[in-house]
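Two complexes follow with subunit A in common, the first pairing it with subunit B and the second with subunit C.
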Partner chain A sequence: MSIYILRRLLGIVPTVLMITLVVFVMMRSVPGDPVVALLGDAYTEEDAIKARVAYGLDKPILVQYVIWLGRLVQGDWGTSVLSGRPVLKDVLVRLPVTLELIVLSMAVALAIAIPAAIIGAVKQNTWPDYTATTVAMIGVSIPEFFVGVLLLLAFSFGLGGLLPSSGWVYLPGTCPSMVCGVSLWGNMQHVLMPAIALGIGRAAILTRLLRTSMLEVIRTEYVTTARAKGVSERRIVLKHALKNALIPTVTVMGLQVGFLIGGAIVVETLFAMPGLGTFGIDAIFARDYQQVQGFALVTALAFVVINLLVDLTYTFLDPRIRYA
Partner chain B sequence: MADGDGLPPSTGRVIRGGSAGEAELPSVGGLAWPAARDRSQSPFAQGLRRLRKNKIALVGAGIVALLLVVAAFADVLAPRSPITADQTRTFQRPSWEYPLGTDQLGRDMLSRIIHGTRVSLVVGVSSVLLALFLGVPIGLIAGYHGGRTDTVLMRAMDLILAFPIYLLAILLMVIFTPTAGLIGAVKVTGAIAIVRIPIYARLVRGSVLSIKEKEYIEACRALGTGSSSTLIRHILPNCMAPIIVTTTLGIATSIIVEATLSFLGLGTQPPTPSWGWDLKANISFIQANAWLSLFPGLAIFVTVLGFNLFGDGLRDALDPRLK
Partner chain C sequence: MRSRHFLSGLTALASILFLLSDQGLAQTPKRGGTLRVSYGNEIANLDFHTAPGYEMMWVAMNVGCGLVNITPDGKFVGDAAESWQVTPDGLLYTFKLRKNVLFHDGTPVDAAAVKFSIDRLMDPATKSGMRPFYEAVHSVEVLDPLAVQIRLKQPYAFMLHMLAAYRTGLVLYSPTATQKYTLQDRQQGKPGAVVGCGPFKLIEWVKGSHLVMDRFDKYFQPGLPLLDRVMIRVIKDPVTEMAAFKAGEIDFIASFSPEHVDTLKAQNPKAQIMTGKETTPMLAAMKVTVPKDGKPMSKERAPHPIFGDLRVRKAVGCYGLDRQEIVKIAFKGQATPWVGMNPPGTLDTVDVNHLCPYDPTKAKALLAEAGYGPAKPLTFEVMADTEKSVFNIIATVIKEQMARIGVTANIRVLDKVSWMNTTLQDGPWDMYVEDLLSLITLDSNGYLSNSTSSWSHPRHNDPKVDEYYARYARELDPAKRKVIAKELVEFMADKMYWNNVSGSPFFMVAQPSMKGYVYNAEFQVHFHKVWLDK
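Take a look at the complex of A and B:
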């Protein structure tokens, strides 16, 4: 097992290198130049050349990548050409916001999906099942940003402004500067709608998948055996059916990470949250190479690490699965 | 794909990315068509018969057909020009004159939504078809020839799959530089197609790997049939069921990706009407004019729902084992 984990951890390195290299080359093929934006109205060809030399932008792309990589292994993620701030510092400030959003949205998804799928599977072809499957179908067909808009209309602009429509209040202990709002209650108010907007779609996908898996498991012989032994229905559903049905569900949850990252960009943009999603999209629009690189790196790392965790979860859910 | 190698066999049914329906498809299709119950009918005819009995799928098909008609006859159906601004009639509430109201430039929302159908459907359908035409041959060749060809092609596919899909689509759109009109739609189509190619390549490769071991393929080889003929005439038809289902459900996903790119300002640019863009552009005004974002959002929702319902029905009809 530990050899397997070590092998998988080593396997992360080429994937992350590949993603960051491709992003590096792609960003430099984008029309536009951060130096032009940096110098603004004061742009002269002479200053532009000086700035390019200062930021190493005059060198061939692959050389620039190797330099970036060399600094990265020393813990230096580079400095933004436009803001002059260290990229790592910005990433670390914004990461908790996005992590909170993603974790809560998955919690929302599971809180809806598990009961809905159990009801759907146990009461197959009855009205609770039809309700669950219909709502799930609506959920997979509705984009996150539209859910967000509906929530805004209901809870920010309707109902007397129950929840704030934009901005952010930090969790105690995560405030990056002296001037930010810090409060647990305020944070919950700000994160609730974005987490629901991002979670609803995942909830729908998981409900559909978990219901199908539960139906398969419920028909297996070991469930019949358990029933014959007189095991309670509650124990059969929760212990025998749900746990086995969770295996494909966990896989899909892992695979949803790519969509969650995209969803986070959209939801953070809609609710004006200071997370990694808005950081990444702003950096891409501003052609801020170093910030985009930092965003790509942290995204790629999150993606591969979560996929590894998903694979490791199988052994917990199904002890028959062993990694050599 | 970073997560592919370690998957246990019990999870082989799951494909990465896409909508829920796609996630439930088999990645390795042994027998692509269900076993024939009625020998007098072709599997496709049997599938169609099952599809006709599925009322929900027919509702989906109806929505899709209606949207196709709206897109084809947008110029006739739209009461006004979708791009002509009228500063004297901004923020009109829904009325007989303007059934869906007007936006901040006084443009008729109904006409914008009718014309927006074109961008959504054209990009949704053509991006999936482009991915299909590029991905299926890659999967066929990789699966059939194996060896180094397989390694090279599938590693290239893994490189694309290693990206979170939105990150890649956004970067591609930034490189392509979003523009208005047909060229703008072609760029979005290209970006979404590139992201989706590996889905087909993996799906088809998986099917080919099991089909090529069947006796009738061995018989083809024994008869001296060329490899391209074997691939196209004998292997491809047996991979068709999962391809058709993935395509229908893939259109739903592509429409959401297009709307999301437009929402982020990376889709087709104004003045070309696009639902995602309209929804985003009107957000600042929704407090007083809720309909401005509601109608484009509803349009996206209904379109995606139509393709999802139809796709689900197709899956049940063509591959009842997955029901």
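Take a look at the complex of A and C:
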């Protein structure tokens, strides 16, 4: 098992390198560079040339990539051309916000998907099943920003401002700066709407997948045997069927992390959250190459590490799976 | 008679009750509290002498102090300067500084600090956007610790305007802190590196999250500022911004989208919606020349294949545009259709709308004269960027209006950086829709529209424009200046070197509890007299 983990961990390196290289080349192929935004109305062609030399932007792309990589190995993620701030510092400040959003939106998704899928599978072709399937279809079809705007209008505009529309309150002990709102209750209030907006689409996908998987499992012989042995229906569904049906769902959950990061960009912008999503999108629009690289690196790492964890979860869900 | 006495008694009683009521007492400023401000865009960085963007400037105006400020009615008031004198030839400006002005690091604001700051801005190595405005300055001399003299090469009628309100105005830098910290430290807002002499000191800037400024207790104006703290957050989505405002999560929206003003008014009838005559031009700029050798920024120029012909510029930009309709659709009527280069709220503004009446027949005739018609239809591209949705709407209306005169306008939408890249670097474009910069004076538009500026995107190469600007800036008689301004604006409209569609309205929104704020468009955003009636 440990050899397998080590092998997978080593496999992460080329994957992440490839992703960062692709992002590096793509960003530099997009028209515009950060020097234009940096110089603003003081722009002159001569100053722009000097600034490009100063930031190493005059070198060939691959040389720039190697330099970036060399510094990265030494723990230097670079400095934003526009704000002059160290990229790693900004990433670390923003990462916890996005992590919490992603974890909670996945929790929202599972909290909706698991009961809906179970009802759909156990009561197949009845109105509860049709309702769950229809709601799932609607959930898949509605983009995150639309759900977000609806929630905003309902709970912040309407209902006397029941939930805060924007901003962030940190969990106790996690404030990354001098001035922060810190409160568990405040944090929950701030994260609730974004987590629902982001989680609802995932809930729909997982519901459909888990329901199909459950339907297959409850028709297997071992479930029939369990019923014949007089095991209660509740125990059959929750202990025997659900656990096995979760394997494909967990795989998709891992893949959904990528979509969650993408969705976080939209949701964080809508709810003005100081997370990695807004960091990434601002960096892309400003052509702040160092920040974009930092964003790409951290999201690539998150994606591959989560998928490794997903693979390891299989051994818990199905003891027959062994990694050598 | 008795009833008259009764009525006057009642009136007196009502007056006393009013004075004792909350409304009456509310006019006494209260000290303390946090003003929560919302910005629609992120601050680029915190080096006040070089960073671009209004968001930074509005911080600089509160953390920093300068020599003078300007009131909404155009009067100059001293900031760190107590008084000033100008010689009759307009070549020497002597400023007497207040005795008790300190930088946030405790060092004094003296003549040496003023000289240091102006020299720094004028140094090409600083790469300050303010540098072009100091072109007329010959030198700065320290007369004594509290007296500083600015010597000009030639008279500059807008010296005080420039020091007060061109971009950030003059922001004094503490020589001690500036020498101690690097540019990068200031850009990232490192504690101790961003040191001003304004009413608020910078506490923290967390990019993407918030900026915090606290009251500077040793601020030179006694009893000010009234607020304990100003907290700025970035909320980019106007719907979220409106929700946050309605829920009372923010007190002040520093720049609010004109297209959402009616909605906000309907939802918050008590909100203070502040605006004034437009000072920002909304352009449908047309490129006049292109590089002859194909190399961007080349000094060798050739006429633009379409808009190099004045007849086409006039057909499209002058007679072909129905400005009334654009304003009605894009701004819901909340802007002024305007042909002149300087919008209605700018000093020495001139209404030259009569030079470009909407006249599709005349437009078609000019196009025919230039060789365009059904046999050779004119097609060009309108570029809009995504910074404001209104640019796109205007581009769409222009497309529709062009179709009416038999012209095809294709819309190209870019993000802001790509737009800047194309326009600043002399890239290929025909027409763009943008609002560039707020203009407190016509002079401040020089670096956007003379023949040598990198920001003169149409890249006309007519030295007559430069001559007009130079004459205008050097003329010390306001009446004569007004005449030159009229000539310049008429010339620009006649040649269509600068094609305005309208003014671009600017709105600020405040909760009813925010008091003491003096609206002065984008030019002066000061929170030192603001207080919260909560």
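In the analysis below, the second predicted complex is superposed on the first by the 324 of 324 C-alpha atoms of A that agree within 3 Å, B and C clash if a C-alpha of one lies under 4 Å from a C-alpha of the other, contacts with A are read in each partner's own complex, and residues count from 1 in each chain.
Quick note on the criterion: a residue touches a chain if its C-beta (ideal position, glycine included) is under 8 Å from a C-beta of that chain, and two chains touch if they have at least 3 such contacts.
Just so we're clear, the structure is a prediction, and the values are computed from it rather than from any experiment.
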{"item": "First, second, both or neither for A:204, with subunit B first and subunit C second", "value": "first"}
{"item": "Partner chain(s) touched by A:303 [first = subunit B, second = subunit C, both, neither]", "value": "first"}
{"item": "Between subunit B and subunit C, more extensive residue contact with subunit A", "value": "B"}
{"item": "Contacts of A:152 with subunit B and subunit C, given as first, second, both or neither", "value": "both"}
{"item": "Subunit B versus subunit C as contact partner of A:121, first or second or both or neither", "value": "neither"}
{"item": "Partner chain in contact with A:79 - subunit B first, subunit C second, else both or neither", "value": "second"}
{"item": "Contacts of A:279 with subunit B and subunit C, given as first, second, both or neither", "value": "second"}
{"item": "Contacts of A:18 with subunit B and subunit C, given as first, second, both or neither", "value": "first"}
{"item": "First (subunit B), second (subunit C), both or neither touched by A:262", "value": "first"}
{"item": "First (subunit B), second (subunit C), both or neither touched by A:270", "value": "both"}
{"item": "Shared subunit A contacts, counted only where both subunit B and subunit C touch the same residue", "value": "30-31, 149, 152-153, 157, 269-270, 285"}
{"item": "Partner subunit B, residues of subunit A touching it in the complex", "value": "4, 8, 11-12, 15, 18-19, 22-23, 26-27, 29-31, 136-138, 140-146, 149-150, 152-153, 157, 204-205, 208-209, 212, 247-248, 251-252, 254-255, 257-259, 261-263, 265-266, 269-270, 280-281, 284-285, 296, 299-300, 303-304, 307-308, 310-311, 314, 318, 321, 323"}
{"item": "Residues on subunit C engaged by subunit A in the complex (per definition of touch)", "value": "42, 44-45, 47, 50-53, 127-129, 131, 167, 183-188, 203-204, 206-210, 212, 231, 233-237, 239-244, 246-249, 267, 297, 414-418, 420-422, 424-425, 437, 447, 454-455"}
{"item": "Of subunit B, residues touching subunit A in the complex", "value": "2-3, 5-8, 10-11, 13-14, 16-17, 19-21, 23-24, 159, 162-167, 169-172, 174-175, 177, 252, 256, 259-260, 263-265, 276, 279-280, 283, 286-287, 290, 293-294, 297, 300-301, 304-305, 308-309, 312"}
{"item": "Complex interface listing, subunit A residues touching subunit C", "value": "30-34, 36-45, 47-48, 79-80, 82-86, 90, 93-94, 149, 152-153, 156-157, 161, 164-168, 176-179, 269-272, 274, 278-279, 282, 285-287"}
